[in-house]
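Can you read through this structure? Questions will come right after.
The chains carry the letters A, B, C and D, assigned in the order they are written, with residues numbered from 1 in each.
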Amino acid sequence: MSQDNIEKDQPAAAWEPNIVGFLCRWCSYAGADFAGSSRMEYPPNVRVIRVPCSGRIDPLFILKAFQQGADGVLVSGCHPGDCHYSKGNYYARRRMTLLKKMLDFIGYHPKRLRLEWISAAEAREFADVVREMVAEVATLGPAANERVENAGQVAPTPSPLSEESVGR
Amino acid sequence: MMAELTERLRAEAAKLLSDGRVAMVIGYRQGPTPTEVVPAFITSPEGAEALVLNSLCVHNLATYLKSGTDGNVAVVAKPCDTRALVSLLQERQLKREQLVVVTVPCVGVADVRKFRAALGEDHALVQSLSQEGQDLLLALQGGGVRRIALADVLARKCAECAFQEPTLLAPSLSLGVDVRLDEGRAWASPPPSDRAEATAERIAAMPREERLRFWQEAFSRCIRCYACRSVCPVCFCNKCFADETMPQWVARSFGRAESELFHLVRFIHVAGRCTGCGECERVCPMEIPLTTVTDKMNQEVRELFGYEPGLTTEETPPLAHFTLEDLDIFGKG
Amino acid sequence: MESRTLVTDEKGLRNWLVAVAGRRRLIAPRREGDIVLLAQVSSADEVVLDFGITRNSPREVFFPLSEDLFSFRLNGRAISIEPPRSQPAETLLFGIRACDARSLAITDAVFNELGGRKDGSYASRRENTVLAVLWCNSVQPWCRCGSLGSPLESARGHADILITPLGDSFAFDAFTEKGASLVSPAELFSPASQEQAARRDEAYGKIEESAGRHPALTPVEEDWDAIWDNPVWKEMGARCLGCGVCTYLCPACTCFDILDECPGDLGRRYKCWDSCQFRLFTVHTSGHNPRPDQASRVRQRILHKFKSGPALTGLIGCVGCGRCLELCPAGISYVEILERLKQAAVAPAAPAGEGAAKDG
Amino acid sequence: MPRIGVFVCHCGTNIAKTVDVEQVTNAAARLPNVVYATHYLYMCSEPGQNLIKEAVKEHSLDRVVVAACSPSLHERTFQNCARTAGLNPYLTEMANIREQCSWVHTDRQQATAKAMKLVRMAAARAYYDQELYQTEIPVNRRALVIGGGVAGIQAALDIAQTGYEVVLLERTPSIGGRMAQFDKTFPTLDCAACILTPKMVEAAAEHNIKLYTYSEVESVSGYVGNFEVVMRKRARSVRMDKCNGCGVCWQKCPSKKIPSEFDAAIGMRTAIYVPFPQAVPNIPVIDRENCRYFKTGKCRVCERQCSAEAIDFEQQDEIVKEQFGAIVVATGIDVLDHSVYGEYGYGKYPDVVSSLQLERLINAGGPTQGILKRPSDAKEPESVVFIQCVGSRDESKGFPYCSKVCCMYTAKHSILLKEKHPETQIYIFYIDVRAAGKGYEEFVRRAQEDFGVKYLRGRVSRVFPRGGKMVVMGVDSLLGEQVEVEADLVVLASAVQARSDARELARILNITTDKHNFFTEAHPKLRPVETLTAGVFLAGACQSPRDIPDSVASGSAAAAKVAAMFSKPHLLSEPMIAQVEPMTCVDCLTCQSVCPYSAIEEVAFKDPLTRQEKMVAKVNEGLCNGCGTCVAACNSSSIQLRGFTDEQVFREIESALAS
């Protein structure tokens, strides 16, 4: 079996949740590392993107991830009061809150976006959050099914009248 | 009353121009046909004669000030329009000293689509338009007069209007340079609200899957003409993320996913800044119920942060600000 | 080629659509939200027969909002190119109006004739599509088609089939082989009676004479110098919001852009609509913009349709469908602009902001 | 087009056991713009790094992606490796396939697939890496120490003695601070004055130290290495250049009944005064609120008496603006105002005093020349009751924290009293005795065992007078019974509290405070004397309750940090910081309102295309710490965070999800 097939067939063969995780480098990413050095096993469905601070996470990142076919997005930063930059996570909290309210209103399942405060010491918490979220998203099923055609494909939704169209 | 008021408006505008207080008065004038009203940019005292005032003055003229002004400008504003002016001042896109606000009374504006529907075949016959209180009067060819009650064609935002006082004239903002024509006006108690239309409540009440389908259909109609963005008074970015190519956040190729991304990000960008003028929805050629989302977001902002955009320049928009009391506003799940 | 007129009732019409839909992709007016759009329909019941004009124009059918030219795969430093996936399907385009049918003459000129080259995908879509015009019941406030030639001629000249509502029934006239062959099966139709033919001509006549007209809707003959700095540009430029409503709803606009996208190692090159009204339309890499303000963009749009365009193709770039008149967020009327230009040719232009020009 | 090299590490079996490094390498080799991919047993090892260096040369790579452990472990290693290979260190990326892959997954196929994904993401990101450079920030090698207590003095001396200029700024007329008020110090019982005074004199004599007493900080601008501080030197009404400190003026001053701050209000002072005899500088100030001349326009006694003609009633506050490279905050503490404890009758009954007042009452330099006389009738008390934790560890009064010093100074007081009058009965109500520290526990035991001080465990409920004595009612929680003790004097061990105006100073310095208004350190363990604002350091009790040894230690620690900073030729700015694109910036300054470091300023910018000038936001590279909060707040993406650009994150998202 060729290398990239492994990569490709994974979703095809048996659907697995695709979750993107944005972790602040000081707390949550370190917490994830700690979970590693403590050999805590958790499912491989989360793709971690390291950012300096949860305050760096533009709601645009999350929306783009969903548009690209993510089934869930995990946002994690330092506990309130512990932000390495003292305030970033407070802004993140407001942004993510409004974002979630909007996604819910638009019809996305609220469980697909998760905000967690995980410190560098909280290896167990990180592993638990990943396990829990993967399980939850797995029961929700592929976001692409909810948002019909095209998520994540190279080609976008066909223009409504073009041949590829499945009708508006 | 409207006629007399229009006269006062023309006089004030002419005076502002002849005194040299302002280089331009932005107001309303009759459009290409008697049943159309369009923004007017008056630069000469004589020009002021073209100004009109009636319930077809739907446009929020603040949007013409979002990229600043050269020289002093006077702008005609309905009470609710002043909120957008406040936002522009708050976000430093306007200089108060260059701005003369001419506030006019408002009995609500028409939903132009409903108005045209009500007018129907008579459209071609209309010679002139005038207004009596909450009735629009259309003089028809051959002497007839068609009377359309505003209540029957009222814009939804007016049915739900909570801003009958110009916010801009709060002492903190008034430089005493403004012209108030809105005093003593009697706001007829908001006419029967037609909330039956797609309002946030109705959509929120739908089962999630239905909501999802509703919005997918809506967004898949979008042709990305960007009229919503162009008309929005708080969409004042010099370069919109949607036009960004490094990276290309939103593909230029068409399709629901791309259009949805554009709209969702735009909703977030105006969240806590949107002053609810409803222009985005008015101009959408595909009639996507955009204000349903912006209203919903404003409601969330109100409940979460106790903030109402466009009331004061003292406060900071909620996403540019936080308090330690936010605690677990995100909630679980 | 003029075949004899056939007649069927609404039930028959819908059955015909069902029959056609069995063989071809059916694109027809469909209600969405509060508007009627041309869209691919899955069942004939969705088709709307009573409407003014569809909000979107048929150009989408031949000139999609975006279409792949090819896709490519990156492999290390190597790039492999793959042809586009889909071939255009056999289609019946039902329910467009005479004015929209006329617009195809303009898009044909641009995509199929200019420079003696054909735009492959446009051409094949044209070939694979049968046009069935649905004759108008009434004249809409914004209709200006009358100014640009007889609606009936537009239909005869550019459609394969003309379907005329006669109240209780519909008259079918096919002007092409393609069209005629599609008006079947025979059992659905009966030949038109004298009386029905008369009613059909009556319907023609009603629209023919009442169709919106305006004297200003003719090519701009004045010199460039005479019109270039007309105050109307500045006035409209100030009012124009720079959105794409007019150009994206216009059946005769043909501007597009070509871009690449490459998430991961699989990319594509595609063509998509663009609008001369967008600020970025003409921006150079250097940042310089030859059309620096909205006034110059409004001027571009109007003069391209009524001066430079006609000079190139011999055709006015407008069919008077009225979409831009109805839906411009700022109430900008190209009719008013043309009128002002032509006035200016005789009398000096009125200063900006004074007196509203009347649009007949 | 970048030329990317991918280097996959086995990490022995740590990675190779669960991840098929072979497959990962082959997949990597086919990623866009990857021109070379290989794997090795230990990439971080010498041969591993050499392998990278050679590949960079051989395949002229300009991007290096290392798939190995966590970047927090070896990012530096491979950045340096790239540097020695002639690349800009910031053109390296790491894919964390150990901590976040091989160590947490067991299914080999899944782990391998994920590893390939992580490599793909890293490579996609690397494509958009830019060369980054640290910019040099000049340092102004002068330090400002705010607060002339023992911590501030120590910090000032240590900095000065490493050869850098220091301004030691003190709000009161003399340096010395709290320690100067004390009689003796625990646990050694050596006299506070005897050990502090020499330091004060030394500070005054040190040529690198400028003393600004009776002065305050008005405002601070600038950033690390380049602060500009505006200070107000309040008018003393006495000319320092003329006064010789003879003291005639304050002996002759007619208004004598002013409660002395230094004596904790149990002693009196005159309107023109030095706070205490050993004051440095030993030059009086006129307290204009209380001076008869300033109140009535008549008097001028001191002026007449002053042979040095040093009195100057016209003197004005002097505003000075000076440049500093670093600031040490050592503003110390206040003592709880006991009136919140009505039940203890402080302020109501003269014979209920605070321990600070007791310090003055038993201090040879104090109002009673060190003979303990109780305030009400100047009688020498035969029995004294001490109440500990008055305020401290008391949620109900909003002081959940322990004041740290009360147990010790109460023991000290009891011993001092016993030494002078062994027959005095002494009771101490306590909750716990906290005596952690060198010789502390022994000290408390001496009080109990050698001096027979009676420790009663329990809270006091009420204090009230009865027949010329104070009655202290409380519970002995060990015996579990009500106790009632009669005493001539009651001493309250009052909670230590942040300065009432600490928040204001924090605002001026742009540093943070905790919920009790103590200044917060950058990291409680690893950066205890730094603040989040680079160049501002903390010393002494302004950070948390401290005793003298701790305060002195932290003073020296802060000094060491300052000296280390000054010893560098220049500071290097963090390279991964935000940067504004002025062409698209619309100057809404949302970035400014969200920046935790006040690093955004507004500047004029001339658009090269329109040639028009406009105002835009600009990032101060000295202040920016690179959190990126402003970047996410900018709707028009006119700010980018170097090293974490939108493009890079975008490509990571894309490749994380691209099939």
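Convention: contacts are C-beta pairs under 8 Å (C-beta built on N, C-alpha and C of every residue); 3 or more make two chains touch, one makes a residue touch a chain.
Predicted model only: the values in this text are computed from it and were never measured.
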Contacts common to subunit A and subunit C (chain labels): B, D
Of A-B and C-D, the pair with more C-beta contacts is A-B
As a quick test, compute the distance in whole Å between the mean CA positions of subunit A and subunit B. 36
Chain centres from averaged Cα atoms put subunit C and subunit D apart, in whole Å, by 71
Where the centres are mean C-alpha positions, what is the separation of subunit B from subunit C, in Å? 30
Quick one: report the Å distance separating subunit A from subunit D, using the average Cα coordinate of each chain. 38
Check each residue of subunit D and list the ones that touch at least two other chains. 30, 583, 594, 633, 646, 650, 654, 657-659
Multi-chain contact sites of subunit B, meaning residues that touch two or more partners: 217, 221, 241, 249, 251, 253-255, 319, 321
For subunit C, jot down the residues that touch at least 2 other chains. 32, 37, 64-66, 261, 263, 266
Can you tell me which positions in subunit B touch subunit A when the two form their complex? 200, 203-204, 208-217, 220-221, 241, 249, 251, 253-258, 260-261, 264-265, 267-268, 271-272, 293, 296-297, 300-301, 304-305, 318-319, 321-322, 324, 326-327, 329-331, 333
Spell out the part of subunit D that touches subunit A in their complex, as residue ranges. 23, 26-27, 30, 70-73, 96, 98-101, 103-107, 109-114, 116-118, 121, 512, 532, 576, 594, 596-597, 625-629, 631-633, 641, 644, 646, 649-650, 652-654, 656-659
Would you mind writing out the residues of subunit A in touch with subunit D in their complex? 3-4, 6-8, 10-11, 18, 20, 25, 29-30, 32-33, 35-37, 39-44, 47-53, 55-61, 64-65, 68-70, 84-88, 91, 95, 127, 152
Contacts from subunit C onto subunit B in the complex sit at residues 32-35, 37, 55-56, 64-66, 138, 141, 235, 238-239, 241-245, 247-249, 257, 259, 261, 270, 272-273, 275, 278, 280, 323, 325, 327, 329-333, 335-336, 351-359
Which residues of subunit A touch subunit B once you look at their complex with the stated criterion? 59-60, 63-64, 67, 80, 87, 90-91, 93-111, 115, 146-151, 155-160, 168
